[in-house]
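Lettered A, B and C in written order, each chain numbered from 1.
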Amino acid sequence: MSIADKVEVRLRVNGEDTAIMVLPYKTLLEVLREDLGLTGTKHGCELGECSTCGVLVDGKPFLSCLAMPLDLEGREVTTIEGMARGREPHPLQVAFAELGAAQCGYCTPAMLLTAKALLDREPRPSREMIKQALSGVLCRCTGYLKIFEAVELAASRGSDG
Amino acid sequence: MASSNPGSMFIAGGTDLVPNLKRRQFDVPALISLNALPGMRLIDGDGERGVTIGAGVTLDELAHHPALDGAYRALAQACDQVSTPQVRCMGTLGGNLLVDPRCNYYNQTYSWRKAAGFCLKKDGDICLVARSSPRCWAVSSSDSAPVALALDATVTLHGVGGDRRVRAHELYKDDGIDYTTKRADEVIVSVEVPGSEARMTSAYWKLRRRPAFDFPILGVAVALSWDDGMVRAARGALGAVGSRPVEITAFLAPLNGRRPDDALIAEVADAADKPARPLDNTDLSHYWRKRMTRVYIERALREACGVDPLAGRLSAQVKAAAI
Amino acid sequence: MAEAFSVVGKSLTKPDAYAKVSGQTKFADDLSLPRMLFGRILRSPYPHARVLRVDTSAARELPGVLAVLTGDDLPVKFGILPVSQDEEALAREKVRYVGDPIAAVAATDEWIADEALGLIDVQFTELPHAMSIQEALAAQGEPIHGSSNVHKAVALEFGDTDAAMRVAEYVREDTVFFEGNTHLPMEQHAAVAQYAADGKLTLWTSSQTPHYVHRALGKVLELPMSRIRVIATPNGGGFGGKSDIFSHELVAAKFAMATGRPVKITLTREEVFYAHRGRHPVLMKVKTGFTRGGRITAMQFQSFLDGGGYGSYGVASTYYTGALQATTYAIPRYRFEAVRLFTNKPPCGPKRGHGTPQPRFALEIHFDKAAEELGVDPVELRRRNLPAPDSRTVNWLRITSCGLEDCINKVVDGSGFLRRRTSMPKGRGLGFAVSSYLSGAGTAIYWNDMPHSEVQLKLDRNGGVLLLCGAIDIGQGSDHILAAIVAEVLGVALDDIQLSTGDTDLTPIDLGSYSSRVTFMAGNAAKAAAESVRDRLFRAVANALHCDAADLTARDHRIYRSDRPADGLTFAQAVQRAEAQGGVVTGSGSYTPPNLAGPYKGSGVGPSPAYSYSAAVVEVDCDLKTGEVKVPEVWIAHDVGRAINPMLVIGQVEGSVYMALGEALMEEQTFRLGLHKFPSLLEYKSPTALEAPVMHTYLVETIDREGPFGAKEAGQGPLLPVIPAVANAVYDALRIRIDEIPITPEKVLKALNERDRRVGPKSVPTFSFPPLIKAEVPEEWKGK
C-alpha cells in the first residue's frame, strides 16, 4: 500500500481535532487503535456482534468496527481515554472500580461509554433501563450484576461529579 | 454517482454492509455514502395525514419517535427490536428495508464458505440448504420490512431515471440473491405510511433466541383499522419465513367486519401461518419456527386488539393434560 | 479490640481496577513495537485430510511478505500433557479438523498477510471424518491418530459395586448427554514476539499458563529456556481457553527469529472457535443403588468424551468426569469407566469446571429422579448422603473442610424451596442441585517434585513492597489476592504493594491460572513469603526495642509490641533497620501440595488440597406455547473457605452462574458439513444483560486449615450446580425431563409431546472398556 492510496481524514476525538492520512477502507476501530494509538478501544469480533469496540459518536453509542472514519467528519468521537475529566475519573469509572464491575476489563471501556450515554440522557435510570441500555455489550466475566450496581451507584452519586 | 461507478454500493449506517464486506460477500470497487444527502433524516406527519420518514433516519430515532406512537407503533416496535442499541444508533430505515437476505451458510467468513463449499449466492453453483434448488432461499431478515407491508407503506426511489414510488410489497422479490426491485442506481429517499381517518392499531412480534443482538427468525406485523369495535380491515405480513416479507393479509380477512374475540383470533391465526415456509438456514430448527408462526400471529393480533397477548388459546402445541 | 484483619475479608478495590476502567491495561493486541510485522495462519478447510504438498512460492513473491512458514519449519511435536505430545505448530502430514493450522505468513500489514494466505497452494487427499462419539467408534477408515480413535480409556473400581448394587433396595440408571461449548473470552488470543539482536526471544501472550508456554517454546524452537522470556499479558477473559499452547504463539516466535522483526498474531473470532480447548461433549450413563431410606450403596458411572482432533488436556478431562462424584456424596462403592475419542473437531480441553460440569449434570438430575421415586424431597436425599469433613472418599480423595450442608440450608431457606415449590403458577418451577470442586490440582501437569507456586518479595527503604509471582490475572482478581495476603501479613496497605506477575524472566514459578489453584497455592506461597520477611523485620525491630520477636505485631504501617502498641517503629523504619543489619530485604515462599494420591494407577487426577462446595436453587419461567425457558432468579451458596475479598468472590460466583445459564439454555458448539456450524459471536449464543437473573449469593466460610487464611476456590465451583438445577426446575415447572444440554425451546416442546415426556439419549454405545483396576477402599469404607 503506497501513500498514494491514503486519504486525509479529519476527526474530532475526545475534544481534539486531528487530521491523518489513512487507507480509506480502514474502520474507525483501526484508525483509533493503530493510527491514533488509542488502544483503550477493544474488539471482540469486528463484525458488529459484541459491541466491545463501542465508542460514542455525538454522545451516542456506536460500533467503531463498523463505522467508516470518512463518514464521521464533523462529528465528535469519544473513547475511553476521553472519559475522565483531566485526572478526575468519571463517576462511572470510580463506581466500576469500587464495585468490581471490571473483572478482566476487556468489555469495560465499551460498557462504561455506553453507560455514560445512558446517564447523560437519563441521570436516574431504573434497573430495567440500565439493562436495556447495556444489552448491546457482551460481557463474559461478570454476569452483569456488578455492572448494573455500579451504574446505579454512579447515578446515585450524580454522574457529573 | 452510482451510474458512473458500476458495481459500487450505497452505504448508510453500514451495519449490514460493512460486516458483509468484511466477510467478502460482495466485491465492491467503491462505496457511496448517503449520509450527507439532504432531507434523508426528516420525519414528518401524523396518524391522519400519514407519516413520511427519510430513509436516513436511524432506527433509534424511530423507536422513540412520537409520530410512531399510535397507529404506527408496530414500526417503532420493529426498529426498537433490531439488534443492539449500538446498531440502532447507526442503522437507518433505508438500510434496514434492504438488509441482504441471510442464510447461515452464507453469512460466514470467506474461509468458512470455502471450507463448506461456496453456494449460489456467492462464488458457488449450488444451494447448500436445498441442494437441488435452482434458486437461493436466503431469508429476508429485516424487522421493518414486514411492518412496511402491514402498514401498506410506499417507498420513494430516486435514480438516474428520476423518482418513482413503489408500494412496499412491490419492493421485494422472492429470491435470496436478487431480492429487490430497486435498481442498483436507485436510492431510497423516503418511506411513507398512509394515514387513515379510522382508528388504527398495529403490532410487531419478533421471535429470536436472545432479546438483543439477534436477527428475527420470525417476525409478525399486523395492522388493524377499526370501526366502532369492529375490524374494518386487517393487514399483515411475516418476516424471516421466506426470501421476502410474506403477505398474510388474505388470511386475516375473516376478521374484517367482526368483533374479534379469543376464539376468532385463534382461528384466524391458526390458518394464517400457511404461507410461512422456513428452511433450515437460520438459528433454531425450521420445524419449530413453523410451529411458532401461528402462536406469534395470535400474539400480535391480540396485542393489536388490545388484549393480553400471552393469554391466547393457541396451545395446540401443548397438550392440555401436560401440566 | 481491633478487628482481626485489616485487609483480608474486606471488599477493597483491586489493584488493577483503575487501569481497567481507564482503558490503560495493555492486553496483548494493544502492544505495538517498531517495525512490527503481522502474522496470519492458513487453516485446514477439511475435517480430516492428508497434506500432500504445500506450495508457498507465490505467497513469498507478494510484496510486503517477509516470511512464510510451513510445518517443516517447526517439526517438533508438542502438547500440554507429557503423555499427549501430538500437536504440530503447523500440520505436516495430516489435518484433523477444519481450522487446523497448516502454514503462516508474516507481512507488513494484515491485509497483505491475508492476501498471501490465498496464494498458498495446498494439496490434500480427503479422509473420512468422524464428528461424534458414535462416528468415532464406528469409523472404518484411517483413525485420526495412531491405530484407533480411542485416545484414552480408563476403568477403576473401588470395592465390589456389583455386589453392592445387588443388595440395594432401589437402583436407577440414567443416560444423559452434555453438548460441547466454548469459553468465548471477549478478548481474542494474541501474541507478540520479539527476537533481540543478542538472540533473546521474548513472547508477550494472552495466556493463563506462561510457564507451560515457556517450556513448549523451548522444546519446539529448540532454544535453551534461559534464552526465552514469556510475559503473560492480562487476559481479557480466559475460563480455561488460554491455558494450552497454541500454534500462533509458536509461529509468532518463529517468525520473529526468522525475520529479526517483532511479529504480532491476533486470532480472529472465527479462529478463536478453532483454537477452542473447550467443554467436551460427554455422553454418560449413571447407575446408583440406594437403600429404601435414600442412602447410596453404590454407584457405577460411565462417560464417553468427544475429544476433538488432539489430546490437549484430554487425559485429565477423562479422569475428571469421574473424580468428584465421591467428594460431593458419600459413596461407599464406586466404579468409573471412561473413554475419550478423537473426532475431527477442534480439540476440547479445560473450561470452567474442567470435566466436572458434565457428570455433575448427569448426577444431579439422576438424584432428582431418584428422590421422586424414593418419595423423599430432593433436598433431603442430598442431606442423607453428605460427605463428612475430615474424611477420605472411597476413591481416596482427602476432604478437609466441607460446608455443603450449610450451603444447602442457605439456598433452601433463601429461596423458600420446599414451601414455594408446591404452589407455583403454571410454567414456573424451582430446581435444586449441589456440587464440589478442586482448589487446585494436587499434581502438576508434568511430573516434578518442585513447588507449584512461588512468590518473592523485595522491600524498599521507604516501605514499598515488590511482589513477584508467576500467576497471571485473568480477571479473577489474583493480583488482588496476592497483594491482600502480603499486605495483611506485613501490616501495610494494598497501595504499598507493587506487583509483577506472569513473567518467566522476573517472576518465580506459578503453574498458571487454571484449576482454581491461584488463591490456594499462590496465596499460600505469598503468605509464606510475607511471613519470612516479616520474621526478618520482627528480628530487627525486636533488637531495636529490646523485646522478643514473638511479642510483635505488624499492622497499620507499624511494627509494635503487642502488649504496648505505642512502642514500635514505622514499617519503613523497620525495613531500614533490617536492611542496615542484613542487606537487601527479600523473602520468598513456596507452596507444594501434600502428596494426596491414592494407592492406584490413575490417582493423580482428582486430588486437591481442599474442595469447595456449592448449592443452588434456580427458578424458571417457561413459555408453554413456545417452549422458551427464562431464569428470573437464582440462589447460590458457595463454601469458599474464607473470602479474602468478598466482593471479588461474589463476582466469581455471579460470573459462574451466568456462564452456567448460558450452557444450560443456549450455548453449544455444533457442527455441520464437517465444520463448526457458526463460529461467530452472533450465532454462538452468549447471554446478554437482558437475560441476567436476580441472584442471591451466600458465602459460606469453613476456614480451611490448609488454605491461606482458610481460603479455598471460587472461580469454577459455583458454575457446577446451576446447570442441573435449571433442568430440575424445568421438570418442576412442566413435568418434562430434558436430559441433554442445552435446553432449547424446541426440545422443551418436543418433550411436552413425547409419550415419556423426555428428550435425551436413549443409550450409550457398546464399548469394551479395559479391565477394571480394582483399588482397595480406604479403611473407613471397609465393611460399609
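The working rule: a residue touches a chain if its C-beta (ideal position, glycine included) is under 8 Å from a C-beta of that chain, and two chains touch if they have at least 3 such contacts.
Note that the structure is a prediction, hence the values are computed from the model and not measured.
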Self-check item: Pair exhibiting more inter-chain C-beta contacts, A-C or A-B
Solution: A-C
Quiz prompt | Chain nearest the overall Cα centroid | solution = C
Quiz item: Once you find the CA centre of chain B and the CA centre of chain C, what distance in Å lies between them?
Solution: 43
Quiz item: Can you give the whole-Å distance between the Cα centres of chain A and chain C?
Solution: 30
Quiz prompt | Euclidean distance of C-alpha centroids - chain A vs chain B, Å | solution = 30
Self-check item: Of all residues in chain B, the ones touching two or more other chains
Solution: 211-213
Quiz item: Listing for chain A: what residues touch at least two other chains?
Solution: 46-47, 49, 132, 135-137
Exercise. Would you pick out the residues of chain C that each touch at least 2 other chains?
Key: 268, 680, 682, 688-690
Exercise. Provide the residue numbers of chain C that touch chain A in the complex, in ascending order.
Key: 11, 13-14, 16-27, 29-30, 32, 64, 109, 111-112, 183-188, 234-239, 268-269, 474-477, 647-648, 650-651, 654-659, 680-682, 686, 688-690, 692, 695
Self-check item: Contact set on chain A toward chain B in their complex
Solution: 27, 46-49, 51, 54, 57, 60-63, 65-68, 70-71, 114, 132-133, 135-137
Quiz item: In the complex formed with chain C, which residues of chain A make contact?
Solution: 1, 33-34, 37-47, 49-50, 52, 79-81, 83-84, 89, 93-94, 96-100, 102-109, 112, 130-132, 134-148
Quiz prompt | Of all residues in chain B, those that touch chain C in their complex | solution = 104, 108-109, 111-112, 114-117, 128, 207, 209-215, 283-285, 287-288, 291-292, 295, 310, 314-315, 317-319, 322-323
Quiz item: Across the complex, what residues on chain B touch chain A?
Solution: 11, 13-15, 18-19, 22-23, 31, 33, 35, 60, 83-87, 89-90, 211-213
